[in-house]
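Letters A, B and C name the chains as they come in the text, with residue numbers starting at 1 for each one.
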Amino acid sequence: MLQILIQGLLLSGLYALIAMGFTLIFSIGRVLNLAYGAYLMVGGYMYFWVSQTLGMPKLMGVAVAALLGVLMGVLKYRLIVKTLKGDHVAVEISTLILAVVIQAGIVLVFGDSSKILLPIVPGVINVAGASVTYNILIATLISWAILLGLYAFVRLTHTGRAMQAVSMDAKGAAISGIDPDRINLITWGISGALGALGGVFFASYTQLSPSMWVAPLIISVAVVIVGGIGSIIGTLVVAHIVGFLEVIVVATLAPELRGVFTMLLIIGVLVTRPQGLFGREEL
Amino acid sequence: MTAALQVSGLVKRFGGLVATNDLSFSLQEGESLGLIGPNGAGKTTVFSQIMGELRQNSGTIELFGQEISGLSTPQRIRAGVSRTYQIPRPFGDMSVAENIRVGLMPDDIWRMIVSRPDTDREKELALSVGFSETDLGRSPAELAMGDLRKLEMARTMATAPRVMLLDEVFAGLTVGEIAQISDLIQSMRKDGMTFLIVSHDLPALEPLIDRAIAIERGTMIAEGSFSDVMNDTAVQASYLGGV
Amino acid sequence: MGLRWFHYVLWGGLISGMFLLPQVVSNGTLRTMIFANYLAIFAISWDVLSGRTGYVSFGHPFLIGIGAYTTAILTKRFDVPVEISIPVAVVVTMIAGLLVLLPALRIRGSYFALVTLAFMELLYQLVQVIRPDLTGGTRGMSGIQTLTRGAANGYYLSTALMLSVAVSMWLLMKTRIGTALAAIGMNEESVRGSGLSTTRLKAFAFLTSALIAGLGGAFYVHYLGSLAPRALFDINFLFTIIVAALLGGTSTIIGPMIGAFFMTFLLEYLRPVLPGAERYFVYGAIALLLYMYQPKGLVELAQRGFQRLRKGGLA
């Protein structure tokens, strides 16, 4: 029982970090960035290359991964999302194609086989009878720290409040002097960084492989759909629903079924409550 | 005699906003009624409720004596009522003829497949709203606002309605186009068509209607002949206030 | 219906050309053509639904997989003859198509695409754990009965199947139902406002699409003789189908066919240079650029070029 609680908390913290970047884009532009999972993958591989292949400091690997994430986010907004203007379905199809291209690019550079990421922080700790790696513990703590930082950024800074304004009403924000294009660009950059960071932790939790982007994408999709609002708090809440669901299923039913209930949750919520559990301004 | 269209006690709320407030009116067969009111008065919302695109909160809508509130939009169209939209909504990647074809289709998949489109009827409808034969192959992207309204009329007429609801028929049209559409409406009136017409162009509307009702903020404020309604103090206040 | 003499000539030319092909090309090329044929069937199936009505399905492998698994399980585990198992597979796939229809009655656009994606992932996980004695679990199944022997026969069968699907869909889409389905893709409200029940039209599109997907999936698995969940319920497979349709040109029949052949042969020619999944890098990059700058596909490009030639020739 305590085991489930601890595992659930740890996994959910990671999921919240992963889903956050995806939710941000959704709340600002109402677009679903299906190449988001590929950010995670690229972040994970970049960290692997810098810290394990080149043998540079781990922090350096994390920083390079995050920077690359920013670059990918910004480029994608400039080259794809802006070109396709308001056509959401076209953005989704293109980002899906892009994800496959990135996946193939990873195979091209790093090969097909999966790679094990050494733990960022080695060691194991015993918490109430459950053994927990420092790695996941740190990942969860850092993910909480990042989420808190993001929350403060959105609430307290000028740019953050502009982001809120754009997400509520892009036209209204434009009238009151906010440049939605600039805000979008910033948001895509932040989202890319969050994705790449999430990828580093996610990869150290599972492993690196060219198809590792699908699972986190589905988790992010579930969080946006089930949560509905695209807010930071909503993301946190739903990430815990999804995370605990998974941990409970693995512990009580079968590990292979870990994703089934996430999928059923997506389908069920979309069919019965298309606006999400916590409401959504538009659909 | 049962009315062609009988609306009773219609209420529609959007959150706190009452868009239709206990509205009642009726239309006899062959009659033409004008529906006027300032922008945002709730005219389009009334149309949407009659067509079943919006569900009223309360009140009844009867078409030739049959209560249609429980019917879907296509079912209401089959029962004999059809509308045009304030903002024309053509099928963008189709020709004028194909747009009209969709309106002419039976709501029966088997018959859609086995029987051919009635191209003569498509042409006849297109010509009757003022298109020329060469327009049949044009795409909506090439059409000016006037032509788009004509297309909207033709597609609505294709569903063979007995009652037609026209929303802002003259908006964005040239004087020549207004005359053309007016002639079309007049000739359809002669043939016994029943109309409910919304228009801001009051001089153009006047000759097309037998009676008028005016609404403001969803509430009826005047009813009677066109001149009675226009001379009503509430109507004048609302229009002056609205300008 | 607007059938013209040149329609007969073009289809006649294509059909006879395809059936004469085994006389002139190698068995290796024929094997590639077989894949192209099945991909064309899947792309036509996707296009009937998504290309026409605008309900973009990210879950077509779900439908194809149901068709493939149904007939594979029936023939291998229960010794049902294929004459029965394939029709049953098609019917089961159509029922699954109705299941996917349910969300489409309430949601569209991105959300619909995501539900279908969720359906695909759901089935992927379920076939691995539920009754692995029937489905073969994670490893899938092998030793499934094959219908033909040799490249030429496999080619004839797949070509016959692909061409019958293509011609019948082409004829069907030339009727008013094709116009009505395309109208849904352009403006669903206006279709309702024209007096047509969009629910019924959508159900028709889903059923037709599922029928073709089930048929293609069933014959495909009886050609391969094996099936693996990871290869079937895979985003790369989905991507191949969607890109074939988009590349060729949606809302046409010839578009998905051309796209499927183009895609299969491009991937094949890239094989010596890039042997593994890296091929998708080149392929995807081309597809992405083409989709963003010519969303109507190769058919549209060809048509425009042809018109320009004709105008140039007359002037």
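Here is the rule we use: a contact is a pair of C-beta atoms (placed from the backbone, for glycine too) under 8 Å apart; a residue touches a chain by one contact, two chains touch by 3 or more.
Predicted model only: the values in this text are computed from it and were never measured.
Taking each chain's centre as the mean of its CA atoms, A is the chain most distant from subunit B.
Closest to the middle of the protein, by Cα centroid, lies chain C.
Chains A-C form the pair with the most C-beta pairs in contact. For this pair, subunit A with subunit B, the centres built from the Cα atoms lie 49 Å apart. Our note on geometry: subunit A versus subunit C, Cα centroid distance of 32 Å, whole angstroms. Subunit B and subunit C, compared by their mean Cα positions, are separated by 42 Å. Note for the complex: subunit A touches subunit C at residues 31-32, 80, 83-84, 88-90, 92-94, 96-101, 103-105, 107-108, 112, 210-211, 214, 218, 221, 225, 254, 256-260, 263-264, 266-267, 270-271, 274, 283.
The touching residues of subunit C, counted against subunit A in their complex, run 54, 56, 58, 102-103, 106-107, 109-111, 113-115, 117-119, 121-122, 125-126, 128-129, 138, 235-236, 239, 242-243, 246, 274, 276-281, 283-285, 287-288, 291-292, 295. The touching residues of subunit B, counted against subunit C in their complex, run 51, 53, 72-74, 77-78, 82-83, 85, 89-94, 98, 101-103, 105, 107, 109, 112-114, 116-117, 155, 158-159. Taken together, the subunit C residues at the contact with subunit B in this complex read 1, 172, 175-177, 179-180, 182-183, 186-187, 189-198, 200-201, 204, 251.
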